[in-house]
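Presented sequentially are two complexes of chain A, the first with chain B as partner and the second with chain C.
Now for the complex of A and B:
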């Protein structure tokens, strides 16, 4: 181990200093801190392994069809909870497509809307907002980021969902799909919109930070060429900040994927795959994303078959989170090309 | 909207000062639409926030009674008789204290190691990416992982063991420990960032006085970044207080805080209970309770706590001031370190 000449130098200070200034303490501190970091690392590794091991029976039993469609997912979960296999199937029979489809729908739509809105908001915040407005908007965004998801869920289920149920969904529409699914106002659209509001703040703050740090000389160069402010933002600032916007999107996707509480309150809570062929009704059909499914079936963790399935869902989420963090890392590599420290 | 009002003339003689508002009259239509969309989005965000706060304020004031703070929840269908939320409030406090008590020291230690020692470097990189990963792992997944860990017989002393010897795994200890994982990345991020921003001359001056690295860290560096550590902790606290999924799964969701054993404090920690978030969840139409008035009242209290924490963070970070010149970097400390930009 290389010794720092500064620390190796004899200390001839007052007595008080000598008491704690020895090289041995230094080594001990380094080892302790390092051990703590490694312990955390080990715990996270253990989490990956344990969840995958617990999930394995469900995956091995269903093979790749685990991810595919097939049958009513609610009856599959109920069969496991009651430990009574569906006729002709193993007890672990599970086809997660409705859940995956629900997750994709809510996450992708929320992230896409949030991408547009947050980019505009970030431009507003860094370029157009008068200082007074900016002073309001800053804490507003932090407030929106801090509101617990259960409060979003509460407002959604007590205010937004009944409103949509009463004013937007006609009885005829309810009757048209009544034999398959109940429409209640807690649906794909409500869930995605509230999810959008939830992931907006983090996207706005990252994008705004990136826009604010675009070198002024680059923008001034563009302005000096007679390009107007908006086009300068569009062509120079946004393009420079693109990696950050990608990183923000990745982070927001991770948030949206993992949101369980608000979605279990607000997405209808039924494992149903909304059908695009239903036209407008599609937006009012209930879903239940993966994370919400874990939350709602948590009491069944003592039943082995259901537990394996729940851990399998957890493993899918865990691996998606790991993939996303990898994608974020890849996006960050782009900064380095521009000589920017990320 | 007429274009005349969009284009106030800049005050004469102020060539350098920015005009009060953008002059957009000369812009092509598409650009002007973009400009106004920006304004619309900005105002829309303010309106959403205002809507949430006002709505919760109105509901909170109309349903909140002082007695709710001192009454335990009761198992009654009628809302007027179902008691208050004393136990959930205390539960929130306990979970927050346990979580932060674990997360803050661990987080600061890891951040210090990552930023001041980081030897061997491959290990440091692995730790870094692991911490970044837990920041992205859904809290439900953390919770179901914890349920595997805390039901192990040798951890029975942390929760309740039933007559058959099965460990329940659900307790304030367990919930607090999982919550620590939620707060850890935030503490690590803000500590690390603060340490990275300290000028090297601080360290050099300390070394020149013959101090070792560990002494420098303890006596010079950590005291210098105390506000940043505090704000990271406050952010972690906000995250802990706001989480529902972990509570639902790992705290047992009993109506009142049930102790296990006889030792005063330890029994509560080993026992099950609920927090404000889970109280709101179970009392909303989504849970079984179905007393929305109680849910509103509790949500109002929760929002006040979160707002107060927000205020503390703003205060600690100097009103989102830019000591390092980055306009918004310091204001938004909720973002993991590595995702934040530090364009130099």
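Now for the complex of A and C:
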């Protein structure tokens, strides 16, 4: 007698009914799952359309200059909040460059630092760490990856920002840029460093997983040919793990791009484009990335002009995230031949 | 196992119907709602009141609250486009349309705060304006200050009601808070920032000063306390009004305003005193 695992359970009633029920269950499950999958896609589609429709007035009013520099962005947002247009401009007048520059600065610097540190940490974890250390570090890293960003924000605002303000920024430095911008310890450097710490765990976790799944025979083969350990790691393990490292980087970049809570607390809360020509002061200048700007202005969603602008910022973030996934996919293609999957 | 393959198109049609059902908004049922329009400063308060009103009278739909501007709200009421107008400034005879009733619902005010290491005794309106517009940048220029060094300005985000109150009460139409100021996104963060920075100055609502941690500065010689604000002695306050037509106002609108201004209405009192000053 063949025992179908689905129908082998203790059963009542004749076999015919059980068969009928099983067959229908398959069909029902297929339809339900199909509906859920389509519903997810439809929701994403609806979300994209909603955001773009609501954002359109802001884009059509400003054209491509939306992305460019021009004037003080805080005055522009304030004008919208007060429903009083700036003299000589439309109420929707908006130049987002300081926000875009702020997003680029925090995201790119955090991801670059995290990429180097996480790769080295992953190599240590898989190749050098004694098993006891690995057993402790593995769960700790996974735990860190799940810490809510507001916790990082709190630590930053209660400890790091006041420390930097009191010990690193001299009064002379404050006075030197006082007419343009105020230095308060919450700045592009603090924000980028805390962001790095936030995205590190997930990158270490994925990279270490990929390095561990490199076939042992490949490394042994390399060692048997007389290649030293570091060169083996560099030329065999890391090369093989490249697709996973790219995937980790994309994931981390997406998180950094969308981070709002921690950045609105720690980046200085002012739409300002830090100037590289300011030398060391550059690191202490405030920024406000796109996502944090949405958060800080969300209270004004009932004001039409501000709402269009907030949705426009949201649309830029959505499209950047989509392009990021695409770029990650494209980057992975050429590494795939000898790579391990993430 | 018998795998019953459903024709693909049937799955897709069924799925699409289910998906549509999921995303159709549930609140597409039309009903007569009270429309309240006007001052953006009053928006957070009136939205809270509207929600609580619906909770108190579940049969009456939540009034629809729109922002904009005090003057737009007043004009909308006069023209019949809104049932109630929100005004965050006192009525101006001769400027406002005639035939309107202004009902005072609450007071709004802010305190100027500094670090406890900088117990500034008093500030005049002129000094407040000079500090916050960025004309005065060093504590040594501020009368009564024992501190020297640059002034750190702490502002609130543009859409905050507290920022709007400070702007309108202390600075007026012509002056603006220096755009270089750091913006904090909540009262708690503002108090924390001022409490952590010796050379800081900022502003918060009355409720936020009650827990200490910062020094509350007297304004024009009057301490910033709730009794002083209620009595009208303290200068850093303004009135919140609800505006209706003298004749032809809907009974619903009258009922709502009566509920808001009813003496001893604990629900309203609790909402108002969370960030504003209750007067009823």
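Here are a few things to note about the model shown:
The working rule: the second predicted complex is superposed on the first by the 307 of 342 C-alpha atoms of A that agree within 3 Å, B and C clash if a C-alpha of one lies under 4 Å from a C-alpha of the other, contacts with A are read in each partner's own complex, and residues count from 1 in each chain.
What we mean here is this: a residue touches a chain if its C-beta (ideal position, glycine included) is under 8 Å from a C-beta of that chain, and two chains touch if they have at least 3 such contacts.
From a predicted model like this one, the values you see are computed outputs, not experimental measurements.
Partners chain B and chain C clash in the overlay (superposition on chain A).
In the superposed pair of complexes, A:34 makes contact with chain B and with chain C alike. In the overlay built on the shared chain, the residue A:112 is in contact with neither chain B nor chain C.
Shared-chain residue A:157: touches chain B and chain C both. In the superposed model, A:330 lies in contact with neither chain B nor chain C.
Set against each other, chain B and chain C differ in how many residues of chain A they touch, and the higher count belongs to B. Applying the stated contact rule after C-alpha superposition, one finds that A:49 touches neither chain B nor chain C.
Of the two partner chains, chain B is the only one that A:137 touches; chain C does not reach it. In the superposition on chain A, contact of A:224 is made with neither chain B nor chain C.
Judged by the touch definition given at the top, the superposed model places A:260 against chain B, while chain C stays out of reach. In the three-chain superposition, chain B clashes with chain C only at 188-196, the remaining stretches of 116-124, 152-160, 170-178 or 188-196 being clear.
Touching of chain A by both chain B and chain C, each in its own complex, is seen for residues 4, 22-23, 26, 30, 34, 37-38, 41, 157-158, 264-265, 269, 295, 298.
Considering their complex, residues 1-4, 6, 11-12, 14-16, 18-20, 22-23, 40, 43-44, 65-69, 72, 134, 137-138, 149-150, 152-154, 157-160, 164, 176, 179-185, 189, 192-193, 196-198 of chain C touch chain A.
Within the complex formed with chain A, the residues of chain B that make contact are 20-22, 24, 26-27, 31-32, 34-35, 37-39, 41-42, 44-46, 48-49, 52-53, 55-56, 106, 109-110, 112-114, 117, 119, 123-124, 126-127, 129-145, 147-149, 184, 204, 207-215, 217-218, 238, 241-245, 248-249, 277, 280-281, 284-286, 292, 295-296, 299, 302-303, 306-307, 309-310, 313-314, 320, 326-329, 331-332, 334-336, 338-344. Note for the complex: chain A touches chain C at residues 4, 22-24, 26-27, 30-31, 34-35, 37-39, 41-43, 46, 72, 74-75, 77-78, 80-84, 157-158, 161-162, 165-166, 171, 174-175, 178-182, 184-186, 264-265, 268-270, 286, 295-300, 302-303, 306.
By the touch rule above, chain A contacts chain B in their complex via residues 1, 4, 6-7, 9-13, 17, 20-23, 25-26, 28-30, 32-34, 36-38, 40-41, 44-45, 47, 50-51, 54, 117, 120-121, 123-130, 133, 136-151, 153-155, 157-159, 197, 200-202, 204-206, 208-210, 212-215, 228-231, 234, 244, 247-248, 251, 254, 257-261, 264-265, 269, 291, 294-295, 298, 301, 310-311, 314, 317-318, 321-322, 324-325, 328-329, 332, 335, 340-342.
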